[in-house]
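Note that chain A is present in both complexes that follow, paired respectively with chain B and with chain C.
This part shows the complex of A and B:
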């Protein structure tokens, strides 16, 4: 039993957790024919039920899962997986029909029903069921109220409402103005805009994956892997002092985690070249500034010339560069997180003199 | 109609053409609407509106005036209440300047006794990193990242913020997590009566070189 718990605690390490989620995502998109099999879909849900069900036997797991704040997030995991699986399944089935030169399922409409009475009855049943669930929920689980606010005592850990936990996680890696304002806006604008920047007229009114590959993959990555999995991570795996804890691990306030972070300039001038820090900030941060400019301005050009050449020709320069910029802003989050986890990188550009850090 | 201008000149009574341009009877409140109602007298909707207007209580203009008047009054009252909210009857603001006892009441290390009341940690050190002398400094309990209150972990010898995990050494220097700069120090001097006097109104920031200021550190 302990070995199994250790095993899952190991997977909860942020590096492993993130790589695993990304890997699972890549696999689900790449081998979607396998992913959408009913056996896989049911299998995943059953695995989750078993995981949470058996996990409840463990005291530490029960504490974190059963917290009234966190119960909805358990539901979120199930629902997110189900809807991703279901829409992917519809898309794959339609893609097969398109490949066989058949009309898509939505055009055939063989299972068409009337709004009245069929749809309205279903809605009525849903309404009753949802009300029952909400009433039972509000009776059984107590509202997570805390003691009166005290400016001198911040709860430990201090967590944002669940829908902001992704943002709170970002705040660990970036300066507040970047993590709180610039990046979230760019990511949300990107998620909304990228599917529409593409002028491809297909995929309207029916499920498909093949006809809108890039847009669907980018959106799913941004929403499922970045936004939602960071919420899950923040809810279940962040503990006292904002340290990481496995789901079966005891929340020890004195857990020691070396978080000593190093700026890129220090890496280059002190550890790499061994010449000491240049005194002027512009010169000191030059490598970082160059790196960031390359990431923002150079990388899209490189992409346009190499990997995404066909995409570039299809979209034209203006649309391509806007898409690339939005996508790269979204990607800067996992890039920086990985750099932090793997190299303890604090800031790429650190101009404390001007309160400007990236 | 061509001979109409001649009517007054001729002086003969001409009831027929005079009745035609006469506007339909309209209460005085609707004078502005008259032209449109008269221009299209055949439209039943317009006509009906005019008839509705003959309320025994208030004219249309009167009603609208009443509605806007009460809306404005209610909004003004709400705004006033909001404004009043900015000036609470009791302000529980701790004083910015306070005496915290005599130097020999403090053991070496971080002292938490004034954290709740005044929001400072008093640290007694045998040798300060900047001033290179023995004495006291007062650290403000506000995290320089986004302003949570860190906890003092004596076992690990550090301040640790529960919000995003920033860590500070007892000196106040940030060494882990996202905080971009060290904790701030407050002015600390000896009062005339020999007590230590802390003044939070004046802050000293390390990154601006202010920790070298003699008032940021109390030598004993």
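This part shows the complex of A and C:
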């Protein structure tokens, strides 16, 4: 039993967890014909039921999963996995119909039906079921109420509400001005920009993957892998001092994790050239500033000229550069994660004098 | 009404009372049509009811399928109504001051037998966050944001943000350790807003001579909390936003959202 727990603790390590989630995602999209099989979908749900059911036998697991405010996230894991599988399944089935020159499922049913009763009774059933779930949930589980607010007693860890824990997890890799302000704003702007930068007229009003490969892959990566899996990570696997703890691991407040993170400027001036840090911050951080500038301004141009030339011609400059900027902003998180894990990189640009660290 | 009655072909006691009831002036003043079992009355039931008329009279068959809609938009709306109802009840018992906030919640727990209003409000709020996300997920996967529905997608994104803000402001109100520290962690981010937060990049550049324009007592976080820490000002501010400001805003946007669904051609489907 302990061996199994150790096994899951190992896979829950942020590096392994994130790479594994990404890997599973790539596989699910690439071999979607396998992923959408009913046996796979049900198998995943049964695995989750077993994992959570048997996991609850463990005291440490029970402590973190059983926290009343964490219960919705357990629900979210089941629902999100189910709906990812379910929407991909309908997309693949429709793709097969399109390949066979048949109309998609939604096209077959384009006849109109009466709202009363055909829609109203479905709404009524959903509404009743939703009420039942909510009432049972409310009877079974008391809303949490801890000690009265005390500004002098900081809990460890202090966590934001669960839906913001993906953002809090980003604080490991970025400073608050990026993780807490700029990137969340860009998420909102990016979501709002979607209809204007996606000029693909296909796939409007029906499930399909083949006709919208890039759009769906990028969205799923952002929503399922980055946003949602980081919420799960931040809620269940981060304990005191925001250290990593496996799901079956005791939250030891004295757990020490060596912090040996190094700035890019230190890598270059101290380790690379061995000349000591320049005194002025502009000169000191010039390599990092150039690197970030290239990532934000140079890379989109390179993309437009080379690998994504086809997209550039299709979208036009304005749409292409907005898309590239938003896409690179999203990718900045996994890029920074990898840099941290591989090189212990702390900041690419570290201008503490101006609170400007990237 | 010109059309013939279709209810009650044979006359039992029940049918007789039903017939009597539906012929009264009171009943007829409320329901302008007979039972919706004929096509004509199925039209009338939707058109003559302010709530049902959010719907069209007829709808594409694929659009009523749960496998297409997942009912997530409808459930989000229903949960919003549930939250409004339970929220109003909670407001009877809750005073947003440092003195009473926590004890009122304790009182609610201890003195109301079998009370589940706070539970329904809290779990309903969590559930609404999830249903709103899944609604967005469904709309994306069916490509329903594409023309002509671009604007409505944007209204939806704003409502998604408002949903999170509603949940976030409500999180503070019990005034326990869970509440103030979650809000402290969340609102500390505002301190780092570029230019507008006193620990944000560029804020130190905004100065008149030696006088800093942006400091702890006037930056973005101060505006959010009504103070330099999560205290009385924040509690009142979050309470007002939670109970009045944000619900009003989201209700207006809901009206726009539903109206635009209709105006943009009803539920999406293949062209």
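Just so it is clear, the second predicted complex is superposed on the first by the 345 of 358 C-alpha atoms of A that agree within 3 Å, B and C clash if a C-alpha of one lies under 4 Å from a C-alpha of the other, contacts with A are read in each partner's own complex, and residues count from 1 in each chain.
Heads up, the rule we're going with is that a contact is a pair of C-beta atoms (placed from the backbone, for glycine too) under 8 Å apart; a residue touches a chain by one contact, two chains touch by 3 or more.
Not measured: the values here are computed from a predicted model.
Asker: Will chain C clash with chain B on chain A after the two structures are superposed, or do they fit?
Answerer: Chain B and chain C fit side by side in the superposed model.
Asker: Which of the two partners, first being chain B and second being chain C, lies in contact with A:355: first, second, both, or neither?
Answerer: both
Asker: Determine how wide the angle is at the CA centre of chain A between the CA centres of chain C and chain B, giving a multiple of 10 degrees.
Answerer: 50
Asker: Which of the two partners, first being chain B and second being chain C, lies in contact with A:150: first, second, both, or neither?
Answerer: Both partners, chain B and chain C.
Asker: For A:176, using the defined touch cut-off, is the partner it touches chain B, chain C, both, or neither? Pick first, second, both or neither.
Answerer: both
Asker: Touch check for A:261: first (chain B), second (chain C), both, or neither?
Answerer: first
Asker: Under the stated touch criterion, name the partner, chain B or chain C, that contacts more residues in chain A.
Answerer: So, of the two partners, C touches more residues of chain A.
Asker: For A:293, select first, second, both or neither according to whether it touches chain B, chain C, the two together, or no partner.
Answerer: After superposing on A, A:293 lies clear of both chain B and chain C.
Asker: Just to be sure I read the superposition right, which of the two partners does A:158 touch: chain B = first, chain C = second, or both, or neither?
Answerer: both
Asker: Which partner does A:96 contact after superposing on A: first (chain B), second (chain C), both, neither?
Answerer: Neither partner.
Asker: First (chain B), second (chain C), both or neither: which does A:242 touch?
Answerer: first
Asker: When the two complexes are placed on top of each other via chain A, what is the minimal CA separation of chain B and chain C in Å?
Answerer: 5
Asker: Could you give the residue numbers on chain A that contact chain B in one complex and chain C in the other?
Answerer: Dual-contact residues (chain A): 150-151, 153-155, 158, 168, 175-176, 355.
Asker: Residue numbers of chain A touching chain B in their complex, please.
Answerer: Residues in contact with chain B: 150-158, 168, 171-176, 240-243, 253-254, 256, 258-261, 352-353, 355, 357.
Asker: Using the touch rule from the top, collect the residues of chain A that touch chain C in their complex.
Answerer: 69, 71-72, 75-76, 79-80, 83, 86-87, 90-91, 103-120, 122-123, 126-127, 130-131, 134-135, 137-139, 141-151, 153-155, 158-164, 167-168, 175-177, 179-182, 188, 191-192, 194-196, 198, 200-208, 212, 216, 219, 223, 351, 354-356
Asker: Which residues of chain C touch chain A once you look at their complex with the stated criterion?
Answerer: Of all residues in chain C, those touching chain A are 36, 39, 42, 45-46, 52, 55-62, 64-68, 70-71, 74-75, 78-79, 82, 102, 105-106, 109, 116, 118-124, 126-127, 129-130, 133-134, 136-138, 140-147, 149-150, 153-154, 157-158, 160-161, 164, 167-168, 171, 174-182, 184-186, 188-194, 197, 199-205, 229-231, 268-271.
Asker: Going by the contact rule at the top, pick out the chain B residues touching chain A in the complex.
Answerer: So the residues of chain B touching chain A come out as 115-117, 119, 141, 145-146, 148-151, 153, 155-156, 160-165, 167, 175-178, 180-181, 207.
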